[in-house]
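A short write-up of the structure that comes next.
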Amino acid sequence: MITVEFLGPIGKAPIQIEAKTLADVSAKLKEDAALKEWLDKCAVAVNDTMVSDLSAPLNEGDRVSILPPVCGG
Amino acid sequence: MITVEFLGPIGKAPIQIEAKTLADVSAKLKEDAALKEWLDKCAVAVNDTMVSDLSAPLNEGDRVSILPPVCGG
Amino acid sequence: MELYHGPLDVKSIFNRWLDEHAASNYGAFIPFVGIIREEDDIEALSFDIYEPILQKWFDAWQEKAMQRGAIVKMAHAIGDVPVHTSSYVSAVFSPKRRVALELIEEFVEDFKANAPIWKYDVKKGKRIYAGDRSTPMEGAGLLK
Amino acid sequence: MELYHGPLDVKSIFNRWLDEHAASNYGAFIPFVGIIREEDDIEALSFDIYEPILQKWFDAWQEKAMQRGAIVKMAHAIGDVPVHTSSYVSAVFSPKRRVALELIEEFVEDFKANAPIWKYDVKKGKRIYAGDRSTPMEGAGLLK
């Protein structure tokens, strides 16, 4: 199991899913129509490190964060 | 008569000379060997306005300022 | 890096940073102060921050600044920040003017684009995500 | 524009500028603080200023800043400024971040090149003109 958390304005509680890679996470999240619109513009971190590779393996207990568009300052 | 004043590090007291234009001032100042080395790198103001035209007429009582290289801050 | 709940006390942050580096022999100090403008009938802006990734972002910048002989500082507000008060103060200390001027610009612009902070307008007590003023982070769309 | 004999009280200048514009609805405030570095065995730097032309230079900049919706501020020291103290503080207030970042850079660089201020190293109590670090002003060489 891995945890997926949704940061900032997405306003959704964390979920736990089975996933071997981020591609699996993508497939699972797209099942939720309300999330689908966010995915286009969200960046992703695994265990608080920003990632850019869909195929990197996930490990049991990993935490995937979904980061919507930002505007600090 | 016009007054010529030497700002900052030039360290020379103001002088009064006869001059119809800045070209006249230039000729007069070049007579002083110690000044000549400054003139290459000095800018000029007339009555506290920066000027760039040697031939503009000077009027009785005008004040010409000689401004050496700057370094504020 | 400093995070505060509510508006920043700009003067005390600024004064403390100056004191900390009073003898560090930096020649230039450039702070950037962000203040909430009164516009579009907002009462305040409000901010969510994801601290672990913000800290990493900041640490990477500190490393980058140090390679140029400089350091960066940053403070940001969490939650509501009323109009005419400050949500954000950052700064560069550097031996030289040029590096300081370049760094403060790069630092502030990269902060805007990549710091994990989410902004909301507060109108009649309600928080509204400022999506139209927000920027997708580097690598956005990976899961689409 | 403010001129002071001896080092600047950076905190009080900064705090006062902030107070003056607490309700002006500017969104960005960027000060630049110049501090005397300890180097080359100097005890202090020392400055001569020709105020009438500095004031005109500053007024022209204020005009330029206002055309972009911003304002500039400036304070400088006259005479000796010991190492680790400040000789120069300038600042931009602007509605928007971009204009503020651009203006502070242009303002500080133009100040360096064209403000009628002369710098001296102070070593063993003697003032030595910093000619090698100085820049001829625009139009220099007219009388050569």
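Chains: A, B, C and D, in written order; residue numbering restarts at 1 for each.
Following the convention adopted for this analysis, contacts are C-beta pairs under 8 Å (C-beta built on N, C-alpha and C of every residue); 3 or more make two chains touch, one makes a residue touch a chain.
These numbers come from a predicted model, not from an experiment.
Ranking all chains by how far their C-alpha centres lie from the centre of subunit D, first place goes to A. In whole angstrom, the spacing between the mean C-alpha positions of subunit B and subunit C is 49.
Mean C-alpha positions place subunit B and subunit D at a centre distance of 25 Å. Subunit B has residues 73 in contact with two or more other chains. Multi-chain contact residues of subunit D (touching two or more other chains): 34, 97, 108, 112. Per the contact rule defined earlier, chains pair up in contact as A-C, B-D, C-D. Across the interface of their complex, subunit A is touched by residues 34, 47-50, 52-53, 56, 76, 87-88, 108, 111-120, 129-131, 133-144 of subunit C. Looking at the complex, you find that subunit A touches subunit C at residues 7-9, 22, 25-26, 29-30, 39-45, 48-52, 54, 65-73. On the subunit C side of its complex with subunit D, the touching residues are 10-11, 14-15, 18, 22-23, 25-39, 84, 95, 97, 100-101, 104-105, 108-109, 112.
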